[in-house]
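Got a structure for you, questions after.
Chain lettering (A, B and C) follows the sequence in which the chains are written, and residue indices restart at 1 in each chain.
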Amino acid sequence: MMIDPLSVFILLLGAATPILFAGLGELVVERAGVLNLGVEGMMIGGALAGFAVAHASGSTALGFLAAAIAGAALSMIFAVLTQFLLSNQVATGLALTLFGLGLTAMFGKPYEGMKAPAMMPGPLGLNWMIWLGIALVPLVWWFLARAQPGLILRAVGENHDAAHGLGYPVRRVRILAIGFGGALAGMGGAYISIATVLQWTEGMTAGAGWIALAIVVFAQWNPWGVLAGAWLFGGVTVLQLRLQAAGVAVPVQLLSMAPYLATIIVLVLISARQKFGRSGGAAAPGSLGRPFHALR
Amino acid sequence: MNRRTLLGSAAALVAASALPAFAQDEKLKVGFIYVGPVGDGGWTYQHDLARQAVEKEYGDRVQTTFIESVPEGADAERAITQLALSGHKLIFTTSFGFMDATINVAKKFPDVKFEHATGYKTAENVATYDARFYEGRAVMGTIAGRMTKSNKIGYIGSFPIPEVVQGINSSYIHAKKVNPDVEMKVVWAYSWFDPAKEADAAAALIAEGVDVILQHTDSTAPLAKAQEAGAIGFGQASDMAAFKPTPRVSSIIDNWAPYYVKRVGEVLDGSWTSHSVWLGIGDGEVEIGEITEAVPAEVKEEALALKDRIASGEYHPFTGPLKKQDGSDWLAEGQTASDQDLSSMNFYVEGITAPMPK
Amino acid sequence: MFRLEPRTSAPLVWQVATPVLAVLATMIVGGALFAAMGFDPLAAIRTIFWDPLFGPAAGYSRPQLLVKAGPLILIACGLALGFRAGIWNIGAEGQYIIGAICGAAVALTAYPLDAFWIFPAMILAGALGGWAWGMVPALLRNWFGASEILVSLMLVYVAQKIAAWMAFGPMKNPEGFNFPGSRNLQQYDAASNPELIANSGLHWGGVAAVLALAATWFVMSRHVLGFHIRTAGAAPRAARFAGVRPERLVALCLGVSGALAGLAGLFEVAGPAGQITESFGSGYGFTAIIVAFLGRLHPLGILLAGLLMALTYIGGELAQMMLNLPAATVQVFQGMLLFFLLGFDILTRYRIRRRA
């Protein structure tokens, strides 16, 4: 039995979009030297806010805008705690995930059982959000690689003490990055509620935020890699279901752990390349996860 | 005050019931343990509707309590115990995974009655109840077989357990009966409720040429996907009426209310005894939701006729001659499947080409 | 304007005061949230924080605190060692699952044999399984410099998939009518981990948690290793001069915390949970991270924090039952509690000075 690769690819684009958005956002956050494990919490926040506004206004575009605002708002809790109160980023991110999942479950009750308005179709029968997600990849790449503010952001992420010494506003850069990451995570979450499922249910992001974290590592902190990673993770899900539909016996559990193992292998390869002094391939930003406190 | 009743000393209760002033203490407290949130729109939602039906039926004579999203295992055992300790005399545990926990707690509270859904372990004070979903699937299968234009129907399974395998077989047998060219594609989501995964599963089936989707998972995501692609589907567990008249052309509804109302009544009048029942369309536990105008009248009639024959007991959806997928004999001409066979079913019937997951 | 000035040592009064402040703030904000949702805030707070301890059914719920707190404390002890040294194992959930699977594998292989060595062998297998799963990120960090945060997190998902595979495949109960899930070890005497004293809630996991607390205290305050761990965490460069070998510390901390998480999983699968199911990992490994922080990475603090977390779980269930509060309340509370703790924590680590 032949499976038409084009149809798999089209399905994959849809499945990859939420994690592509969230992954690109987290990538920028991590390049600024901050590790925010609260992606899942911000995604679910965006999923609810986006759905609620899309439902009330009838406009999916307004929905995604609201999702971006909600995601960014949740990320500001993280920003205040980690940047002003210098809290541990791992613990703060975990708390954000718990908080987001719980809060949306509490306040989402009235929206259960409602339907989202239809997405506006875009070119080639794919919706606009799929195109926007893909378009963000070169934009983020250009920003980080070529734009002046992007260079500052990377400097802050690589060595915050040095960046501070050069007079860059470490804290402000990081807060902006965290907010951007939150906004994209919110939009990714809203894609699930508005475009994929067309309704709100609690816990509906079902771990997509954690996959986004994995993708950033898989991507070696490179936007094009995030696209590849989102397609890989999305692709394994889609292909696995597609093979089943075509009547092929698939070891589902074994197949679905493959992307995580691939991520570990990629991480090991890039770390090893850096450790043993060979060039090419980026490793984790130097200041990733470390709190910054200026003494002056 | 709750505190009073919670003390649970037998003497206090007897004394209280003798006094009309404490009449509210006579209320039968009925507890429910749910595996998901009540807002899941499917399995748990239907159980909660039945709980509300119990309250409506008996008004002041009962007081109901539920605990939602209870993980299976140790947490379930504690939640059930808490209900028993706080004076609940009848407790419904509404997921297969609560089986051992229910049995464990029941041993400690011999005067509390337990009702466990879909399990196979009973005791003096533990009854089990289940629904013959496969009867409803036969009706869905008939509609699916008639409605498909591509002759490919798809089935989204949750977990490869007997209940779901019965549903796949029943749908296929009856689709095939009305449309000998029909093919069945099966996708396992390995989840009861994961909207995004279910949507992807539906998309995979549609890409495979399927134009009618049956689902044994609880979200409306497959219907939403079907709508985009111009395919049709069926409501699962609840009516999913928001998707009428199409893509949702009919539905299979778990209606636990008649059973819950009956069993609560039996506890109230003291006639409750343990049993193990498996109720179907005839008992009103499995309902066929409205067949919409998207279905031609003669198909609707045919489906309803089948429903009536199943309800009256005239016809069993698993009636021979039937062979297993590997070609070996299962049921001889006119023979019907035993409940025992059905409750451990782990094979497809002949004609389904999908592999059975190991 | 204010500025922050790092303290050279954290004053004891703030170390004790901040968790208390965090709990109070959670109660106040949580109460406001309940009021906004139309619930009686005082009744809700009382049901969650008071009733499990002193309420009418406390005779049952107090022992249950031990059942719930045991694995949290056991895991958090191991995590605290690493966190002190700046080694971030956030994959305890995976180590917990693998420990349970390895322990259950011994029991299911031996079934239905009745022998005294089965349970001890399971304990060994559980600890070894968790240790091995924890050593993967340790070795990858030591050999290649791969981040243990990310590797240990990825391994959680791999472990979850393995648990699902076991429940549907190799470990499926042959007498279970094709339902996923292993045999129930509670019904297999030689392998079960029952309550040691009836209605005490105490099983071997609780005993192990107490031993782990004592051992952590001893190591951290009386042993040279504790000194190494603290130095490595506070001043990594100075630690090298003090003769600390970072590779050994990484392997030790991740290995020990993995083994403890594995033990927690083993005691859970042989006791309260009973069987390996597809959803066996129920989040203890992640909650234990909160416990470790809430307990200030100190054994006594971890004990109290573990009990407090258990209280929010059990109180949350009670609040659902008595007041119809939604189940998600617990998550919101735990999230807020941690937010407040992390926020107030600045008082212990920094002095707030008015800017001149």
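Assorted remarks:
Everything below uses one rule, namely that contacts are C-beta pairs under 8 Å (C-beta built on N, C-alpha and C of every residue); 3 or more make two chains touch, one makes a residue touch a chain.
On a predicted model such as this, the values are computed, not experimentally measured, just so you know.
In terms of the distance between Cα centroids, chain A is separated most widely from B. Which two chains touch most often is answered by the contact tally, and the pair is A-C. With each centre defined as the average position of its C-alpha atoms, the distance from chain A to chain C rounds to 27 Å.
A straight line joining the Cα centres of chain A and chain B is 37 Å long. Looking at chain A, one finds that residues 105, 109, 202, 253 touch two or more other chains. The residues of chain C that reach two or more other chains are 164, 168-169, 326-328, listed in rising order. Contacts with at least two other chains are made by residues 37, 190, 357-358 of chain B. Listing the residues of chain A that touch chain B in their complex gives 4, 7-8, 10-11, 14-15, 18, 105, 108-109, 112-115, 192, 196-199, 201-206, 208, 237-238, 241-242, 244-249, 252-253.
On chain B, the positions that touch chain C within their shared complex are 2-3, 6-8, 31, 37, 65-69, 71-75, 77-79, 81-83, 85-86, 96-97, 100, 104, 120, 159-162, 165, 190, 343-346, 357-358. Residues 4, 6, 33, 37, 88, 90, 140, 143-147, 149-151, 153-155, 157-158, 161-162, 164-165, 168-169, 286, 289-290, 293, 326-336, 338-339, 342-343, 345-346, 349-350 of chain C are the ones that touch chain A when the two sit in their complex. Across the complex, chain C meets chain B through its residues 55-57, 60-61, 64, 67, 164, 168-169, 177-181, 184, 186-187, 268, 271-275, 277-280, 282, 313-314, 317-318, 320-322, 326-328.
For chain A in complex with chain C, the touching residues are 35, 37, 41, 77, 80-81, 85-88, 90-92, 94-106, 109, 202, 210, 213-214, 217, 251, 253-254, 256-257, 260-261, 263-264, 267-268, 271-272, 274-275, 283-284, 288-289, 293, 295.
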